[in-house]
Structure formats: C-alpha cells, structure tokens
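These are the structures, in structure tokens.
What follows is a pair of complexes built around chain A, which joins chain B in one and chain C in the other.
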Partner chain A sequence: MKFKSRKKEQLFWGYLFLAFPLLLLSIFVFFPIGFAFVVSFYDWNLLIPDKPFVGLGNYFELFKDPVFIKAIKNTIIYTIGVVPVQTLLSLFLAFIMNQKIRGRAFFRTAFYIPAITSSVVTSIIFVWIYSKPGLLNYGLNALGVDSNIDWLTNPVTVLPSIMILNVWTTSGYFMVSFLAGLQNIPASLYEAAKIDGANQWQQFWKITVPMVRPVTYFVVIMSLIGCFQVFDQIFIMSSGGPDNASTTMSYFVYQNSFKYFRFGFGAASAAVLALLIFATTLIQKKYFPPDVY
Partner chain B sequence: MATIAVKDLEKVFPGAESATIKNANLNIKDKEFIVLVGPSGCGKSTLLRMIAGLEEISDGELQINGERMNELSPKDRDIAMVFQNYALYPHMTVFDNMAFGLKLRKTPKDEIKQKVEHAAKVLGITHLLDRRPKDMSGGQRQRVAIGRSIVRNPKVFLFDEPLSNLDAKLRVQMRAEIKKLHRQLDATIVYVTHDQIEAMTMGDRIVVLKDGIVQQFDTPMNLFNNPQNKFVAGFIGSPSMNFLPGKVIQKEEATFKSKSLEFAIPKDLRPGLKPYIGKEVFFGFRPEYIYDKQFEKSKRLSENMEIVVDSVEPIGSETFVYFHFIGNPEHSFCFRSDSQFSYGIGSEICIGVDIERLRFFDKETEKRIM
Partner chain C sequence: MKHVFLIPFCTLLLLSCTKQADYVRFTSWQSSPTEERIIRQTLTDFEKEHPDVAYQFQPIPGNYPEKIQLMLGTGKAPDLFWLKGDTAPAYMDFEVLEPLDPFVSIDQNFDEADFFPVFRDAFRHKGKNYGYAKDFNAYVLFYNKKLFAEAGLIGPPKNWEELYDFSKRLTKDTDGDGKNDQFGFVIEPSIDIALPFALQNGGELVAEDGTVRVGEPEFIEALNFFMSLYRDGVSTIPADQGAAWMGDVFSREQCAMTISGSWLIPYLRDNSPDLEYGVSELPQGKKRGTLAFTVAMVIPKQSNHKKEAWTMLSYLAGKEGMKTWTNSGIALPTRKSVALSNGFYEDSVLNTFMQSVEYAKLYKINMKERWYDESQAAMQGIFYKNKDIEKTLKELGKTLEKYTLD
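What follows is the complex of A and B.
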C-alpha cells in the first residue's frame, strides 16, 4: 500500500517538474514548428492581408526556383566538405592533446577559444583575413604565391573560404567531445597494441578510431546538423553572394521569409531543409550505428 | 630460446621521492617459469613492464638472450604479455584479437588463419572465434588473452596477475592449464602474482619482492625451508610463520627468553646464535611444525611450551588452532593440528616445535640467523 502511494507521489512530482519546461518548449518550439508547417501550405505574405490556401503550390514553386536548387547544391557541397574534415581534424587534435606533450593546457585552450567566441566576432575577423588587402593574401604573397583576389566576393572561392572558417571555429568544440571519449579508452589497450607491434599511426587507426565510435557518431550528427543549418557566417560574410554562390538553404529561408516577407514560401523551404536533416540522420543511424562496446 | 638477465635495474618514476625498483639483479634461464611475488604496490608490475618495454628503464641493463634491450620498443623484444584486465580489443572478434599482432607483422592470411585456429584449439576456444569480448565470461576472456599472446610464438611470455579476476575454482584450473601450456610452448615465462600459493605452485623459481627490493630469488622449497629473512619467512607459507620477539641469554646453556616463553636452544643451533647472546631476536616457527607433546613421541621436539587455545578453525583435513603462550595473551599464534584431535577453547596444552625447524632472525636487520 505504502509503496504504491509513494510511487504515485513520485510520478506527480516528476510530471510537475516536467510541466514547466514542457510548457515553454510547446510555446516556443513545438507550436512554431507545427505552425510553420501549416503556413507552408498558404500563400502567406506579411504585406498582403489575403492569405489563400495553395496546397503544395509553394513546394512546386520551390523546385522550379533555380536559386533554391542552387541553395540545396551549396548546402550539400558545404556539408560534404566540412563534416569529414571537421570530424577527422577534431579527432586528430584530440588524439594529440591526449598525449603527454609539453604545453598541453595551452594548446587545448587555444583550440577551444574559437568555439566559445561569438560567431559574429570570428566571422568579422575572417572578413578581414579574406579581404583583398587581408592577412591571407599577405601571407600568400610572403610565401611567394601571387595572390590578389578578394576571397569573399569571388564566386569560386567564397564557399570554400566560409567552409574553412567553419572547420576552424567548431573543431575545437568537437575536440573536447573526442577528448572525453579518448580518456575513456583504457591505457592497457594501447599497451597491448604496442606489444602486438602497432606503431603510433596504427594505434590511432586500429584502436582510437574504432573505440571512439560512439563519440564520432555524436560529432558527425551535430556537425551535419550544424552544416545544414549554416547561417550566421553566410549572413555576415557574404550575404549569400556573389550571385547566390554562397546561398545556403537556411539563408534562402531567411531571405524569403524576412527580406521578401513570403512566409509561406519560406516555411516550405524550411520544411524541405528539416526533411533533409531528418533523412540524413536516419540514414546515418541505420548504416553507421554508434556501436558501444 | 630465451634467457633474461636483469642487471642492477632501477626504476624511478618522474617526480617520485624514491626508486620503485631498487638495484634488481636476476638471471633467468631458458624455458624457466619465474614468478614475481610480493605484496600489492611492491613494484612487481613495474619490473614486469620494464621487461616488456612499456616502462622506461631508469638505470641498469636488461638483456634478453644476452642482447641489451633497454632502448628497444616492445615490438622488437619478441615478447608477449597477458594483462590483468585482459586488455582485449572490444571492437574486434576473438579471431581478430588473436590475429592482430600477426596482421601487423604482415603474416600471410592463410598462415594467420592456421595459427589462430591452432591456438584456439589448444585453449579450447574454437567455438568463440566469432564472438566479441563483451559476450564472453571472465574465464573465456582470459583464454583469449592467452591465445593472443601465444599465436606469435614469442620467446618470452609476461603475465601480470592474469588470474586475479577469476573465481577461486577457475583460478585453480587455469593455474594448471598455464603450467601445462608452459611445457607445450617451451618458452620462458615471467609471471606476476600477489598470491604466494599461486607462486609456490607455479614457479620453477620465485622472486620475492618487497618495497622494490628483491628479497630472495630461489626455488619454492628453498624459500619455504630456508628463507633468508623474516619477510620471506612470513610471506611464504599459509598460515604464516609465527614470530615471537625475545632475547638470547646465557644460562647454563644458551636460552631463548621472551615474556612468556623460555627454552634452551638446542645444541646444533648454539654455535650460530653465540654472537647474539644478550641481543634481541625473533623466534620463528611454522604452524606445520608444531606438535602436541601428548601425541607426538617420535620427533625430536623442543622443550615444553605451555599454551592456551584461543580458537579453532577446522578445515576438514586438519584444524588450525590459534593460541597464546600462558602469561602472554597479546601475541597470538597458529598451529596446524591433525583434525582427529579436538581442542576446547581455553584448554591448556603442552606443545613442542620440531628442532630441525626452529628459526631465528636478527631483530634489527631481520636477516635469518639460523
């Protein structure tokens, strides 16, 4: 008897604690998501009072819109370029930071600082670096490479430039995740591998990489989502230009919703983005599950 | 073919106040089964890991087959090691765990397969080859760990407390299996344990280590019968040797005197103890060499010792009797009695120690006198 009422009491308090965050989430997350989805079926323009239902009209228009196609293409290029490099780089950094090297604390901090710096700040710094008289060209010239381009206004270089910035700013963050994972690998595994005859490189590929797989899974998913949604750097550094060469899906959503006030159309593009993220995550989960040993 | 020579080996960990291994000297013969034994923290693993190449050698020299090993990495020493926690690669199957070392050495695929399968057969783990470590019991993992070490057919095997995570019954079984394996492999084995029974039953010779200092390196029987100091005497044997502090004094003849016990030192021992007259010593006597005078008539026993029984522990074949000498209840001792005799708690009996087995240790240096 007593046990049962205890349990009920626990449930009551449990739900009570959940209720408040759930309410907040409902108001600010779940409802807007649902509402955006509904809006995507209307020709919903902030400046026009008449908001007719158009069914899948917005979606048909999207896939006929060359800018949207380009945004998808850019997003995919961006993601394919950034995710593997970022994952490997952060794992590699973590592997090095996990060794007993001199000045380890300094390096850890140095690599982590970009992650805690506002993306606006890092973006502006990189706008300078990438500008025509900027540090990059200066450095290249000092190395004897003749370079005189404005990296962010050149349609060929703009996207890769922003990709590099993104790799730099988030690798430190993921490095910390990997560091935690690395520290969970028993030292005796490396010792056994050493006795089996593995050198540093083989230890990294045969022990470290497979052993941190659960962390890698987490990092890849977070990195994927981050890339699909990349916005702030684009907004600050190139505004999607030149000639939409750096327009990504998020930027497209923003542009249509808040510049042209075409909320229905913008919501539809956001829904496509959400679907893309959802599908990619699902595929990863199915084909690259996070094995835990 | 592998001899191991440890010469003046020292290990000082960075930042440590004193050396963890001090001036160790060992000459290990080919195909010998050597056990390193000592209490926890005495430096057994450290010494073993120096032989393996996992721990840098601070000073001295390590030779395998007469060649200096100090600077060689583990993979170039032709050794294999079995770890206490097995250190199996969790992401690999048993087959891959065992094949890993061979793969790294670029052994041809069919040769790997044949070697792994052979080792698996020897250890009775053929049916486990496709499993992952997490799907196996402790005993099975242990076999895989041993299997991983034998596939490469190295010169030297190093074991660091490989049985301490197993239950008692399995431990006894694996003990016998490792001994058997040693005969099959014809290899030199260095085996670390903190369990003196494991050491006694497995080792051809045993290194007793304490505080990083080699106390004695000898055969099991010699350690038992002729321990060189009080530590070895107390560490080897179960239950432990009894020690009673006292003094050697000169009466009509040399006599051992303590608070509660006094007996004339037997003739054969007098010359050795002569320099100790007037000095403090420990009298050491093993539980197995104590006899009840009422029943034992044939052996040459020491003078009468009057004791009071504190408690008894029958273990079936024999009974451990815990007692103190009349007049000295602070010091408690043990003797192994035939289980046919039963003693009531509090009963007073008269015992004697086999004269051949009386041991005396210098109180200061703890070295054995006789």
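What follows is the complex of A and C.
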C-alpha cells in the first residue's frame, strides 16, 4: 500500500489495530449507553410490543417518587461517608506499608485480600458478623458495651454498617495505588526534610500528601464512582431495607428494570445516576485538579 | 491473546443465527436435588407415554423471573415454563401467554373439573385461562410436641385467644440469664405472614375487583393482634435470633410454633431429624383463613410448538404426571383425584394441607409488581421503626392505589 506521508501510514495501521476492539466496545459499551438514554424517554416494557414515547415523563415521575428521593439521599450519604475515610485510610496504610517494618509482605497481602475476594462472599460473611448473635455484638459485649441490635435491620445502623464493609474491602485496593505513588517520591526530599528537622508527622503531611496528589485524584474519582454505583452489598445484605433505609440508586434502577418490568423508568433513573457521577467528577476536576505543581 | 475471546463470541453468533429448534423447550427453576430427580422421573414417564413429542428440559438455576422476562422480551422464551402464582397477574395482563381454553376443550384426558376450584381458576384473567396449577402449598401451623408437653399443653391452638395464651405459656427463659430464649411463636415482617391474619378477620389486601382494602379496620385490627404477639414478647422474629427464616428458628427450638408451608418438612428432616412436630390448620379468627401458593405451567404466545407443549402440559399437570410429581409429598396436588389416589387424606400431616384448601385464598395480588416492595417497606417500618400501625397501613393503602391494574 502507498501512503502520502509517514503520518498517514501510521494512522492507518493504528486504526486498523484498534478497529476490532473498538468495534466490540461500540457494540457492547457505547451503543448500550446511548441506547439506555433513548429508552429513558419511552414507556419501555420488554414484554409489550407497544412502547409509547413519553418524553421527559419518566424523569418527572422519578422526582415525584419518594423511594427515588430516598435512594438519592442514601447514595449521597453513602458516598460522603465512604470516600474520605477510604482515601485517608488507604493512604495511611500505604504510608505504613512503605516503611521498613517486619512482616511487610504479610501485611500487604492481608490488606489486599479483601479486594480480591468476591464481594458476594464478603457480604455474606458480614451478614453474619452484623447479625444479632453475631461477632460484632459478641465483641462489643465482651468489651463491656451492652449491644443487642441486629445491625442490618436497624434503620439507623444499616447504611453505616454497609459503609464500613465497603471501606474495609476497597481500602486494600487503593492502598496498592498509593504504594506505587509513594515509591515514586524521591528519597532526597525526605532526607532534606530530616535535615531541616521535620518529624514523621510533618513529613507525612508536607511531603507525602502533596507528592501523591495525582494518585489521590485517581483514587478519589474511582472511589466516588464505585460508591455512587454501590449495588451488590445492598442486594445481598439488606435488599434496600428496612423501609428503604438502604435503597441506593443502582438498587432502585435494578428493581424498576428487572422486577417491575419498567425499563424506561429504570433507564431514566440510571441516567440521573450517570449525570450525578459526571457532575461530581467535573467538579472534582475543576476544583481539585491532579497536578498543581 | 485477544482472539481467544472470539471463539465463544462467534459460536454464540452462529448459534443465534440458526433456525428455531424443532423440539419443545421446557423450563423450570430448581430448588433442590430431590426436586430435580422427581422432575426427571416425571419426564421419563412422559416419554414412555408420548414418544412422538421431542422435548428438551432446560432448567434455570437462579434469577428465574429476570431470566424469563428477558427471554420473553427477546423472543427466545421456552415453549413451556413454570410461572409463580404471585407474579402471574402481570404476565397475564401483558398478554404474553397463550390462552389455553381451546386446548382444554379438545383434550379428552385433561378433565378440568378435577381441579380444586381455587386452583382451577387461579390463572383465569378476563375470562381466559392462561395456565394450570401444577401443585400448591398452603400456610399451616407447625408446633413442637416436646415443648408443648413441657408447658402442659395438649393440642395446637384453635383460635387467636389460644394462640396468644399458648405463646405466652411457651415463652420462657431456659438458661436463667434473665432474658427469654424460648418463644411461643415466630413471625416475620413480611406481608404474606400478616395476610392470613387479615383474611381470618375478614380483611384483605386488595379485593378481587382491584379495590385496595389494606387501610380498612379489619386489616388494621388483624395487624394489631399480629403485632401484639411480637411487641408483648411472646413471639420472636428470625432477625432477633440470627436466623435466616422462620423455619430455621423453629428447627432450633427457639420457638414452639411457626407458620409455614410444606417446604419446612424436608428442612426439618435434614436439620433436626429428632424434632417431634405436629401440624394443624391455622388458628382461626372470626373465620378460617390461610394463603395458598401455586405455580402455573404456561405456554407463551410466541411459542412455535404450542400443540406439543400442550401435550406436555396436559401430562405434567394431568392425573398421571401430577401423581408422580406429588407422590413423595414434596408438593401437594391441585387435583382432587390425585390427592385421593395418593392417600393424602389419610396422612395426618398432608391431610392438614388438603383441608386448608377448602377455605384457602390464593396468594395472587392483582397489582403491578411494585406492590410487594411497598408492602414490605411498610411492614419493616412497623417492625423496625415502631411506626403506628393504623397510620402506616392507611398510607400503604394510598400508595398501593398507584399500582392497581386497570
């Protein structure tokens, strides 16, 4: 084949190699995303051939639906609760794991194991831990705290309980990201700080935290998205109960689409969720950009 | 190595391009190995009887309703499948099922009149029959004979007063730590456990014509009694005992009585074989009342093998197939002749279920699917947030108005 310029040739081969994955992505990712938006403007029931166009009807109905409002509230509380704790905890863990301490490999593995364990398995284990005769109440009682509640059917504790589980399972994963970031920090910075008389604490806040900022940016975004989409833990541990105290947006989407036969309505709520995630990410990008130095 | 993923993908593509299979596809869910064994036995018998009907049994192990919905929506539905009674109204309303009356009228062997009336009309919608009940189950009362004897009680409670009184006498602290650890009764924050009490009090969730009745005094009064069992501490709930369901609490002898269907029998056999239990009809309120659960066999409109599918349905829900299917007591027959020939009226346990059929109300709510989660949320509010019963039920009534079928 003849190409007018070297650049054209490179472009041709580049796209040729990309073509197939791009095709697959288009069929299985981009098209469904676009199509979901289209569906959200219809009263779309899989079982009925007649699918009337309702315009923004689904969206208007959504914001009049008390369960959806509750789901938004729960999702936001969940995210606000989990993201900062998770980010700080994983940074802290990474900082410790980056020191030369005995049994470092063991601790790294131990913290990472929850991340590679299936969320279904961890959820079921935590269902037992949180149950009335479970490990948590047993431990609290042993410590002298009188506790006899079922953490997952109590409307006040259900959401925080699931939040704690999520912090535990994903901190290990983000810890690894932070570890990679920490190892890129030149040792000379710490040496210089030591000469200037900075203690461990000051080194952490003045050197480590600013230097891993790009990683923090990545971690916060991934963790935000993960929290907004929380589904499996809710599905397994509480089914959104009691009295919708733990219904989140993606659980609402699932229920409406697959249980109530309302794909259009479900798609509309998914679109709202997508917009919420998109907006949050934009705000973060604008006000907390990854690189300021 | 990307091309490795291509192989299954292309196979899938090829498979979906091939023309419709020329055999009947029969789909069910599976809840236990025993159940699967009996289904296969029944199907083997069917083969002998009808060697001309080619079929394939394709069970779906999990997420059954979601899967069936997608299969129907994409035109790939099996030719014959099980449909849970409580989800049936939506499917009948969407007109995706084939009316079976034309088949029944020309099928000599089917004998529709043999079905108990409550099950014969279970899947009748706007004058057409869309399915036949393959078996049923009903809520009855299980009681622990040993605990009853310890408390000096002989028979099971016959009415609400006795239920409350017995529960009180059976509730005690066995290990002396000042907290009750044996309860008389167990209930659950679930609408289907509360509903029998409402029925016994002349109440109803939704009337046959679609009027929402959950906010009416009969229902409120029944739920007040139901909740008094828990709030007065003579009944427990599974969550309080760290149990998964009521049968679990009963099998651990943490309660002396429970409401359950016959699915508790194999569970008790496996988990506490030494537990001596008795079974009786539910205690009555103003009148007798219980819930019956059933599963239909249905043929979708889109099927290309309706005639063969009907032959299969007619056998499986017919006298012979149902006899094999229900013989072990794993499920109960919806045909009177089968109950008689299986000797279920002579069996003290199974007879209780057969007697309940006489007044049982079908657990089939003529509403859009969301009624269930809204009702569960209301029940959870009452149990876990101590919400006012009357107010919550009236609100639920208003919410449910939105989900009536027209």
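Convention: the second predicted complex is superposed on the first by the 281 of 293 C-alpha atoms of A that agree within 3 Å, B and C clash if a C-alpha of one lies under 4 Å from a C-alpha of the other, contacts with A are read in each partner's own complex, and residues count from 1 in each chain.
Simple rule for what comes next: a contact is a pair of C-beta atoms (placed from the backbone, for glycine too) under 8 Å apart; a residue touches a chain by one contact, two chains touch by 3 or more.
Treat the numbers as computed from the prediction; the structure is a model and nothing was measured.
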| item | value |
| --- | --- |
| Fit-or-clash call for chain B and chain C when the two complexes are aligned on chain A | fit |
| Which of chain B and chain C A:241 touches, first, second, both or neither | second |
| Which superposed partner A:88 touches (first chain B, second chain C, both, neither) | neither |
| Dominant contact partner of chain A by residue count, chain C or chain B | C |
| First (chain B), second (chain C), both or neither touched by A:275 | neither |
| Which superposed partner A:197 touches (first chain B, second chain C, both, neither) | first |
| Partner chain in contact with A:22 - chain B first, chain C second, else both or neither | neither |
| Which superposed partner A:48 touches (first chain B, second chain C, both, neither) | second |
| Contacts of A:116 with chain B and chain C, given as first, second, both or neither | neither |
| Touching partner for A:38 - first (chain B), second (chain C), both, neither | neither |
| After fitting on chain A: smallest Cα gap, chain B-chain C, Å | 41 |
| Sites on chain B touched by chain A in the complex | 52-54, 73-75, 79-81, 83, 85, 87-91, 100-101, 104-105, 132-134, 148, 152 |
| Chain C residues within the chain A interface of the complex | 2, 65-66, 69-70, 72-74, 90-91, 94-96, 189, 239-242, 368-370, 373, 376-378, 380-381, 383-385 |
| Residues of chain A that touch chain C when the two form their complex | 20-21, 45-48, 67, 128, 131-134, 150, 152-155, 240-244, 255, 258-261 |
| Sites on chain A touched by chain B in the complex | 186, 188-189, 191-198, 202, 206-207, 210-211, 213, 291, 293 |
